[in-house]
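Below is one structure, written out as structure tokens; the observations come after it.
Labels for the chains are A, B, C and D, by order of writing; each one numbers its residues from 1.
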Amino acid sequence: MATKQKILIAPSPRKVNDIFDENDLSRFAALGELVIHDEDTPLSDAQFNDIAADLIIVIGQIDLPHTRLEKAPQLRAIINVEGNFLPNIDYAYALTKGIRVLNVSPVFAEPVAEAALGMAIDLARHISKSDRAFRSHEETYGLEANEGAFSLFNQTVGFIGFGDLGKATLPLLKPFNPKVKIYDPWLPNDYIASFGVTPASLEDVLSTCQVVFVVAGVTSQNQGFLGKESFESMLPGAALILVSRAGVVDFDAMLDAADSGKIRVATDVFPEEPLPANHRARSVKNVLLSPHQAGALHTVLQRIGKLAIADAEMIAKGLPPILCKVAQPETVALFRSKPVSKS
Amino acid sequence: MATKQKILIAPSPRKVNDIFDENDLSRFAALGELVIHDEDTPLSDAQFNDIAADLIIVIGQIDLPHTRLEKAPQLRAIINVEGNFLPNIDYAYALTKGIRVLNVSPVFAEPVAEAALGMAIDLARHISKSDRAFRSHEETYGLEANEGAFSLFNQTVGFIGFGDLGKATLPLLKPFNPKVKIYDPWLPNDYIASFGVTPASLEDVLSTCQVVFVVAGVTSQNQGFLGKESFESMLPGAALILVSRAGVVDFDAMLDAADSGKIRVATDVFPEEPLPANHRARSVKNVLLSPHQAGALHTVLQRIGKLAIADAEMIAKGLPPILCKVAQPETVALFRSKPVSKS
Amino acid sequence: MATKQKILIAPSPRKVNDIFDENDLSRFAALGELVIHDEDTPLSDAQFNDIAADLIIVIGQIDLPHTRLEKAPQLRAIINVEGNFLPNIDYAYALTKGIRVLNVSPVFAEPVAEAALGMAIDLARHISKSDRAFRSHEETYGLEANEGAFSLFNQTVGFIGFGDLGKATLPLLKPFNPKVKIYDPWLPNDYIASFGVTPASLEDVLSTCQVVFVVAGVTSQNQGFLGKESFESMLPGAALILVSRAGVVDFDAMLDAADSGKIRVATDVFPEEPLPANHRARSVKNVLLSPHQAGALHTVLQRIGKLAIADAEMIAKGLPPILCKVAQPETVALFRSKPVSKS
Amino acid sequence: MATKQKILIAPSPRKVNDIFDENDLSRFAALGELVIHDEDTPLSDAQFNDIAADLIIVIGQIDLPHTRLEKAPQLRAIINVEGNFLPNIDYAYALTKGIRVLNVSPVFAEPVAEAALGMAIDLARHISKSDRAFRSHEETYGLEANEGAFSLFNQTVGFIGFGDLGKATLPLLKPFNPKVKIYDPWLPNDYIASFGVTPASLEDVLSTCQVVFVVAGVTSQNQGFLGKESFESMLPGAALILVSRAGVVDFDAMLDAADSGKIRVATDVFPEEPLPANHRARSVKNVLLSPHQAGALHTVLQRIGKLAIADAEMIAKGLPPILCKVAQPETVALFRSKPVSKS
């Protein structure tokens, strides 16, 4: 007797109900029999082997080495309900078998872009700085309060990296009529130019932009690639907004550059989270601190389930996935992001 | 012998060099003989009478009652290099004589809109709030830091007033795909709808919008029209951003609504400036304080001169002014803004 | 006994029901007593005098010389339900009395812009030309059919004039990422530049643009200002789209330039309408002929009534008009458009 | 001794110089040794085998069955310099080997979208129809000429298919403020909605849209899926613009629907090209005929080379292709487009 195709939902470190509502689960159930593993303990080999033969879709970040994957000949998709690709999968094997490996990073692009814009305006226009002055009875008014402030309108703005996050940030900036320069060594110049912006070298972005958004992910090739010299090459008073991964910058050098007054910095990411109580970042000047909150909205978690089920449905129909991020054979092995904690 | 046409530049409370550069002054000089009164003391009747017969353009906010205007039969434009119309002019007389009365308020629209957006994102996304928590070692991370936060994307957003400032704010919001409702009793619904937004009653804007921008000027008809009941009718946790004039709200009622947690508030304007040291606004919860800095950037002052000379040139050519705000016969008498101080 | 304020609706050459629906008329009736003169015969002095004392608004293009206007001391608005200002009014007198003189030209901007874009694409991409070849069994395919064709994408595009019509055309072109140059001697360069385009001289527009939209109205100063030399200075194969008034061009010179293959031309307007049966325009090469149809859609006529009543309501409330075109004291006397026939 | 990596450029039916300029070829030469086969005769097995061991990139549509591919172990990309995927490749084998299969269809999206918009405006606004009337001395003017015409502004507009071509057409329509409905069974509703449009069933698109763009490719599943009933279900006078492939419609039924006056039709594609001289399409009413010219501009051919070299460079650097269309394992086998002739 034919057994039914199975879908494994093992979303740890998230819980099923954080990301899927009843309707999402019904849609999954229409594609196959749901096997739900809603615990933080890893799925055991025995548990995996029990369902492997009928598995068509895996939701989550369980270990999927070659030895497991070869027991799941019907498997067509592995969807990590986080925003990154982790070293939990034998990607090379999966890709030659035509198994789609996906993550839901696109859901984070818009909220992080929004926060990045908010932080950029904050740095440019002294929003939190003047509020802080008010609270300590030291505010000045009007032109005086704006000493050192600048407007984003008609400014030269740079991006380091131009993936989903950069692409979500760009349209929020467009109404400010910026001159945009983009450095992304993974993209052809023609492609970058098709967005109405200028492809540029890293040096050019750093040395000519009044606002620089760092939106590049960490790879094995670019850890700490923004260091002391990078910050020194920036325009005096330029604003740096770091919203991707702390690993791409030399964090201490970045704080030094802010503290000296050379640049102003906003960061949503930190080398350690939580940041140690006595970490100097808390008292450095010209820094805006954001506790890894740019993407982590409750409404965003609910979008995760929508992306996962929509692409699962596509794949079940024999169509390519559309909404999730698709692991590319060329680059998946390069990413070095740490598993994030639940938030 | 024919005397030359004269242009009076009396920009007090600003100084000539704050707003005009050499090029601007050369362009003015090409239109007539410049008479510059760069002092804070008022222009005396004797000084005025001395040049009245040849005056074609007045730059500034000197007194221009009927008795002075009738001595200046060639006068074609009065350009206040501030953002408002003051009771210094006999408007009715000026308008029947075809004298254009202008101000430069359009220069402030973009920078104020930018600050308004920055403040809206700050309130929605906890930007200064989380930074403050970091500085006092009380930060939380990710989802926890976002308790009560919301995204502007796909939100219902309201405007109270839709003049230059509202029109400059709207395009900055468009990339967030908001549902926009606008209340402005001075505009036909058809006109509001032509911006792709929904004309609405004040009640509707207040009771259904997650973010409300107050961008209406004060008139003799609307002083303090947003009061206790207005704030009580708002959505719980809604954000109110006040960037036009403090006079349109009952300021204490607004602070009460923030302090109680009913709404969150950002304000760039205050009933008194500087705010008294012991004013409760400094310690009220859920308030972001901005010291009348939204429009007062140095780069904005430089735009003032550009607008004034460009429209002076139009008028000198016998063409209508284009860039400045033009006093309308129907409404000019209604405005009740106080002369602003220099900033 | 107080008489009621009166509104005269005398829309000849249109009929009341062509432009006003029941709802429009109800809204007018709420502002005053309606006096409707729905005939092509002019309103007699007796008819006018009978209502003059109580008139607050006139809809239409009846004669309003000084002698009539001074009998209507309450008159506050004259709204021509056509797209132009005619010499039927003593404008100078009206303006000193604070009477608003309006027309409904804004309703024509969008449909004419749409037709202008359609004609530009037609000329650039051989749309009607290839269809004509098909019908005469002379079509070629693909690349061959495109000999001499060009795309609007990334093209240099010029505007001669930048009033309502130019402003409505520009956003339709924006997605094609054009480099736009605009010549309009009535506008400051700063204003033109604020649209993200380049202010330019007439010579520059003509000699460097692949597509030129002529959207300037005729004034006493610019009749026939585009002549033989103008067309000779254009790029070979450039497209000229004339949608405002035939009077701004030397029509014969324009046809010569098309016939010789120098440029391609689309025109919606003609020196005489209907065009004489034997007029050479019908057989000249490289010309697209459009029988004054760009603005004259039935749906557009219905918008006329909406604009007229909306601004009448504003004026009745003591507010400035917003939707209609407002006669400017400096320029109203310059326009030289002929009364258009009904269409 | 190590031999150099080789790149085969065999662009038949195009010629090398039609699509590559000197600069493109230099960039290719920097990636490997160029082997150019610029003839219409197929590459022989001997010719292939001679270079197979060192081949890294193939440009063109030569036969690449399993037997050839297994002789080319270093092959990483096959780039068809046409807009489709043909049955010349063993796709399944290529994909399991990590060989990228690409085509340059994206270059055609913008020019075809432009032509599609031009044809839509032509049908809606009677552009070629009125020009034809002028040439036969039968024109009417203004409102009369517009009998049956409509404006695209604020119209309900449908897309059948929403691939590259649909995505290039949508932004050209946006300034017309349309209500857009999209039918594409290969895309999740959430994805379609993210473009600010409404996902819809085929029936809904057909029965409610005033303008329908058919931009779906032919697959083994949808040949002739728009037939007599489809056209009968459309709104009276609706405009159908067919710019993808003739194979998706029942062409005769489409002509019938136009001839009867039920709908108006523009088509850039035909069941046979050239169309037989006596084909009824030439004389059917309410049809606009375009000889497969929508994409085939000389400037577009030049873009082909730019895409091919840019993605070849990415792949040579070990990065994913970005600009070309990437064959998806799920769908590549479904396409049924005929090899197009040279144009």
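Keep in mind that, in the parts below, contacts are C-beta pairs under 8 Å (C-beta built on N, C-alpha and C of every residue); 3 or more make two chains touch, one makes a residue touch a chain.
If you want to know which protein each chain is, UniProt gives these names: A, B, C, D = Hydroxyacid dehydrogenase.
The structure presented is a predicted model; accordingly, all values stated were derived computationally and were not measured.
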item	value
Shortest contact path, chain B to chain D, counted in steps	2
Farthest chain relative to chain C (centres taken as mean CA coordinates)	A
Between chain D and chain A, distance of the C-alpha-averaged centres to the nearest whole Å	34
Where chain C and chain D are represented by their mean Cα positions, the distance between them in whole Å	38
Geometric centre distance via CA averages, chain C-chain A, whole Å	51
Which pairs of chains touch, using the document's own definition	A-B, A-D, B-C, C-D
Interface residues, chain A side, partner chain D - complex	95-98, 186-191, 306-307, 310-311, 313-315, 318-320, 322-323, 328-331
Complex interface listing, chain D residues touching chain C	110-111, 114-115, 117-119, 121-122, 125-128, 130-135, 137, 139-146, 149-153, 171-172, 174-176, 273-275, 277, 281-283, 288-294, 296-301, 341-343
